[in-house]
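Here subunit A shows up in two complexes: once beside subunit B, once beside subunit C.
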Partner chain A sequence: MLRRRTFNAGLLASAALPMPAIAQGLQGKRGGDVIIAQQAQPPTLDAQTTTAQASRNITLHVYETLFTRDEASNPKPDLAEGVDIAADGLTYRFTLRTGVKFHNGKTMTSADVKASMERYGRIGGSAYAMKPVAAIETPDAKTVVMKLSSVSPGFIEAISSPRAPFAIMPEEECAKPLGQPAMIGTGPFRFVEFRPDSHAKLARFDDYVPNTNYQKRDGFAGRKTAFFDTVTFRFMPEGGARTAGLQTGELQVLEALDVAAAKRLKDDKNVRTYEMMPWAFQTLMMNTNWGPTANVDIRRAIQAALDLEEIMAICSDGLYRMDPAWQYPGTNYFPGIDGLDAYIKQDQAKARALLQKAGYKGEELEVVTDNAFRNHLDTGTVAAQQLRAVGMNVKLSVMDWPTVLNRRTRPDGWNLWPLGMGIEPYEGPYNVVGFFSGAQPVQIKADPVIEEAQKRLTTDLSLQGRIDAVKQFQARVYDQAISVKVGDIGIVQATRANVVNYAPYRIPRMWDCWFA
Partner chain B sequence: MIAVLTRRSFLTGLLLFGLIVVAAMLAGWIAPFDPVKNNYRYRLGAPNDIFLVGTDRFGRDVLSRMLYGARVSLRIGLAVAVLSGVAGALAGLAAGWWSRADPWLMRVMDGLMAFPGLLLAIALAATLGPSEITVVVALTVAYTPRTARVMRGAVLVARAQDYVEAARAVGARTGRLLRHHVLPACAAPLVVQQTYVFAIAILAEAVLSFVGVGPPPPQPTLGSIIADGRDAMVEAPWITLAPGVAIAMLVLGLNLLGDGLRDALDPRMRRML
Partner chain C sequence: MFRLAAIRLLAAVPVLMVVSLVSFGLTLLVPGDMAAEMAGPSATAADLARIRGELGLDRPPLVRMASWYSGLLHGDLGRSVLLNQGVTEAILERLPVTLSLTCLALGLACLAGIPAGLVAAAKARRWPDQAAMGAALVGLSLPDFWLGLVLIWVLGVKLNLMPTGGYVALSADAVGWLRSITLPAGALALTQLGPIARMTRSAALEVADSDFIRTARAKGLTEPRVYARHVLSGALVPILTVVGIGFGLSLGGALVIEQVFSLPGVGRLVIGAVLRRDWPVIQGGLLLTALVFVMVNLIVDLLYLWVDPRLRSNA
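Take a look at the complex of A and B:
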């Protein structure tokens, strides 16, 4: 007989054992039209198909998913009550919340979930996550059973990621081609209009069925209550214009405010700023396949030559945290920082000695960076100077972002590549370790120990075993100097002072807050 | 001619331009700090008695960066003025003298001119990779047609002059005609045109550096200092303001110089004085 266990027993107890329902939700003032400014405009609003932040800012107000992420970015159920995972790790039985309504009035059933997940497997932005799924069965209207062909302990992590949300939409919309489905979800806001180059508008969904397993919002999960009548997302590329709009009251919420501007507005009574830490990893990727960085001693010399704090202070405009770990503290897979002190301290003498040991004779070190993201350009600029200081011959090539992305996939022609990793560390270990393994490892030359760690991470059914895999990965990255983790970058979100109960998060959530 | 050169506008131009040229040339001696030395403890510092024009996001001294940056801007401006002068003069000379080459050459120049110069420069810089040389090549290509057109006009006028006809009648060969009779007559408009190209090239370099296709960091140019300070324009206005004023002074100075030269070299103006 199949022995059943709850999903990640203990760690995610609340997932399968709902908290007692609280009859009364959040008390706030209903009404008002809130305008939120974001830098980019969404390439599409077909939520499943795009990994663009500009899209998920909007679509995550309209759509919900079976599982999503909580405040600490760990998986939590949303449209599901919970999941039972068979002991062999191959059968996932999701129990759906009952009575959840779509924006078209229809009640959500297992057929909608099946159709949505199957559509995701075909055209989803992270469709690889659905690869292990061999069949989806719907024994009744509130049960969805996914049969996997191979164990995939990261399955819940993957389908709960908001990167390209595993949005649940009505079955009939799933049959429509890419980009065509009407924007009908189960979220607290319903779609009103999308004007390219201008704005997207949502309105409160009055028949929204909140998740009474929670008492309040929790990341993208929790009990969500919409108070605003409408939410308008304005697309404004120029940072100065967004800041000015907030100051004049034209805009009520900003997805991001320049750190320097945030310092200036600290004393402005009409504005509230919210620091969010961490937002992204700042890294310096290395090509272990070509040129000087193919030599491990030169890579170690690079790590030793860098003053990480100077890079962070400049590239983040002062909003940073020194954090050597390759997962965020407080998350399920945090590998700890034991033994990392020796690596992260700048030691120019050690760097010179390592260069000498490696027989370095002034070979050119090519740093490729883009000028689209200031943290990239600044990291490249400062690192290049620090490496020159220990006698390295550094060439800094500044290119546009698409060119850099293309260049860094080439096996040669680059040595160092500064990269801010935003959504990957938020998602957990899979796309971080995955970045360094598989068919196209970022360091170009596959590393056997990292491959092994990734294999363990994707097959070991015990959480401790998977955490050990992340530790193994981290230890290897430092020992072989495969990449430099510079630090964590934060961002500042901002609202007008009359927006009450706002809390910063991965995207600005327009539920559970209201106008005073 | 002397009268023109002592006019107030010409002297103002000479003073503005000369001041910056001298300052840039002496950058190695008078710059108070290393222009690429970071010091994040002094980030975005307001002007004070140590950092006379404040510091930027990297904690670098803006004044030192401006001095070295002006050097790069002037170098690029001069190179573009000379190179596009030579190329434009040759093209214009050929087009103006040999009527058979004229339509072909000038249509090519028209084609280049119809294309927005700055866009051409950005496209070239994107293909060749950002560097000082790329900027010079891109701007030279962009500004050669104007010079060629001015030159062609001057050659057409000169070749119809009686003394050129006379020289030809006594059997002078083409090389001698061009060198001794046509080119000297075209020198004035060419020189004046190139002072404007010099000024435009400095502005264009600033724009190219501003959009990020100029010389790579940390090397300063007047344009890249402004681009660097753009995000902190309200919090640290000195980063954008000071190099902005320097560019304005430089371009104004060059234009006043050009005006003065034109007046001095124009024979009609000479008669009027």
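Take a look at the complex of A and C:
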């Protein structure tokens, strides 16, 4: 029945018992209190339930998952030694690492994993991933068997995503309602305190059991070694104050540094800056259900009217790359860019002709955008101006973030919505294609070809078949002008120069780095 | 005096009722909720419905309203799911930050503004007057967030004299507290200094022509003593009025300054709650702000009676 063993990084697993981190892991200097500044405060520290970056920054130091992502965002085992997937794709048998301790001193068992995964299925931020799971069995303390009711080739990708992490917590915490569990995980840092509007503080977990199947950190996976005594995340909404704090040394790490400030500080010997490219897709979503954008020719006119590079240069402060693909180059599901040239070049004459063909009579086109994220606001503002230049009647509505989120789920009342998609393309194709399909596609009106691509992506057991599904999705999005992929946006992370061995990633990882 | 205090406190009840009703009405009118914030931009309607169910946001408005008022009558302002904390506790935890910021700012504004106004009145239409009033006008015109950033840049980054942000509790470290609060209070004080100085000048000029001031001068008192002792006490009522108004404005300014200096005060709590649609916190915060305004007005009214005995007969 069990056909293949996959995702197993356990090259050394059979021989190795957990060893003290310092003895075999990275050699660094232990001690010190590191302070990281981040713009937003976490909406909650209940890791499973939120997709907020502000929460992930903190929770992924405290919690670990069965599988997680490596440096190239591929799934890798973390709390699991590996998984055996049955030939029919319906049974996943996870073998757990032994001796892993929770921060309360308890040893992690399969019962904790079962309870955590079941809780995720009830209230997790990506609970849909657990839908195919019909039953979870625990034949012994180190084995978890998940039985699926239907094949789900993206299952490991889904449960390894850090978007809303499938955090493993003690069984007794899993019965607690949303937001209530004590923050007890198995990660290299343990929770100390959370002061809303001020900071969250973690301390090194000295009984941490590193994954000896690896030699060093690897994305969120790998062998993690904590050197700092404490890690404090300060919530600082004002960008200028964050930069000032880094310059004076009150802060040692910035989750993100304004690109303009990074340029200014590039010669500062006390500061190191790290560019992360790509960080997010910059997109312009369209409502295919309502108003002018319900007409495919008007959508195509919009596509032709936009100067994508001008938008990217402004919305990213110059840290961008032009990339029309709906998956990042170099990743498993990259669909290529053949045939996309015709869609990405600005052609105002073509746009005017398409508007004429569509019988456009100056109907109002509403761009809804928020003022919380500069890339959203700038994309909306520049796009609106470019559309006016071809004769469109554009209304730019700027609102706060929750209002925009509320507005965009409505079937009418909006036409264009600028959105930076950060974590979704990092995860792979599932939440990118999934965003445009299912019960509530982002473009509001379901598209049969995209639905078919999504079905193939989630059921085809061959990798090539799934890549073809992504190609099919991409071709359809461009042909029907369902959304505009403007480009890839980057960010800058920064540290003081005395933070050694720091490597930028989706969150500022405070393991495997130390003070000089 | 006690009668006046009792009447004013009773009159505050309908004010607070209106504030609570308006704030509750806002929860129904303003789009978006905390489920959307938690679930993120790619959430489906099903995701949002599931989270709303977990948080109890799917209950009918009247049920939520009845539940909130019932809690209020028991002294309970509700619970913030996002903070995982009672609203009363959350507000009381942050109140010392905001009050210390506001009081210190107002104290600094009075310390600088009142003498500046008196000097301007004493040297009316001469260069000290024009310099003091010009400086007051500049302070009045500059936005507090800009002043805050400039102070961070100059005193924090360039001169490294002050921390650039954050808060140290007074109970934890008195010197640390003073260092953490001085810069934000200074920024806030500069915006309040102007009105206080201008009002002091104008009130002092009015009093300076009075008979009792002429008598004081005739007795041989020096000009500084005349102004510090007699003109000031005669001008205190309008100054108190502007200080009382300044307290309210400072509370509003604290919303911005707390953001700039990353201070965990009530202002930042309320702004964060508005952006995340954490309604129990918004309602609690608004109620508290209204209560503080009522109390400040009451204190100012009582101070009028203290500084001007003539008003006591009408009280």
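Just so it is clear, the second predicted complex is superposed on the first by the 493 of 516 C-alpha atoms of A that agree within 3 Å, B and C clash if a C-alpha of one lies under 4 Å from a C-alpha of the other, contacts with A are read in each partner's own complex, and residues count from 1 in each chain.
Just so we're on the same page, a residue touches a chain if its C-beta (ideal position, glycine included) is under 8 Å from a C-beta of that chain, and two chains touch if they have at least 3 such contacts.
What you see is a predicted model, and the numbers here were worked out from it, not measured in a lab.
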*Report the partner of subunit A that touches more of its residues: subunit B or subunit C.*
C
*Pick one for A:240: touches subunit B only (first), subunit C only (second), both, or neither.*
both
*Touching partner for A:313 - first (subunit B), second (subunit C), both, neither*: first
*Identify the partner contact of A:260: answer first if only subunit B is touched, second if only subunit C is, both if each is, neither if none is.*
first
_Quick one: is A:371 in contact with subunit B, with subunit C, with both, or with neither? Answer first, second, both or neither._
first
*Once the structures are superposed on A, label A:400 by its partner contacts, choosing first (subunit B), second (subunit C), both or neither.*
both
*Could you look at A:329 and tell me whether it touches subunit B, subunit C, both or neither (first, second, both, neither)?*
neither
*asked:* Contacts for A:381 in the overlay, against subunit B (first) and subunit C (second): which applies, first, second, both or neither?
replied: first
*Find the residues of subunit A that appear in the contact set with subunit B and again in the contact set with subunit C.*
240, 400, 403
_Contact set on subunit B toward subunit A in their complex_ = 36, 38, 40, 43-44, 57-59, 126, 129-130, 212, 216-218, 231-236
*What residues of subunit C sit close enough to touch subunit A in their complex?*
30-34, 36-48, 50-51, 54-55, 81-85, 90, 94, 149, 152-153, 156-157, 160, 163-167, 259-262, 264-265, 268-269, 272, 274-277
*asked:* Quick check: in the complex, which residue numbers of subunit A touch subunit C?
replied: 41, 43-45, 49-52, 123, 125, 127, 177-180, 195-198, 234-238, 240-241, 244-245, 247-248, 250, 372, 400-409, 419, 421, 424, 431, 434-435, 438-440, 442
*Which subunit A residues qualify as touching subunit B in the complex?*
239-240, 243, 258, 260-261, 263-264, 310, 313-314, 317-318, 371, 374, 377-378, 381-382, 384-385, 396-400, 403
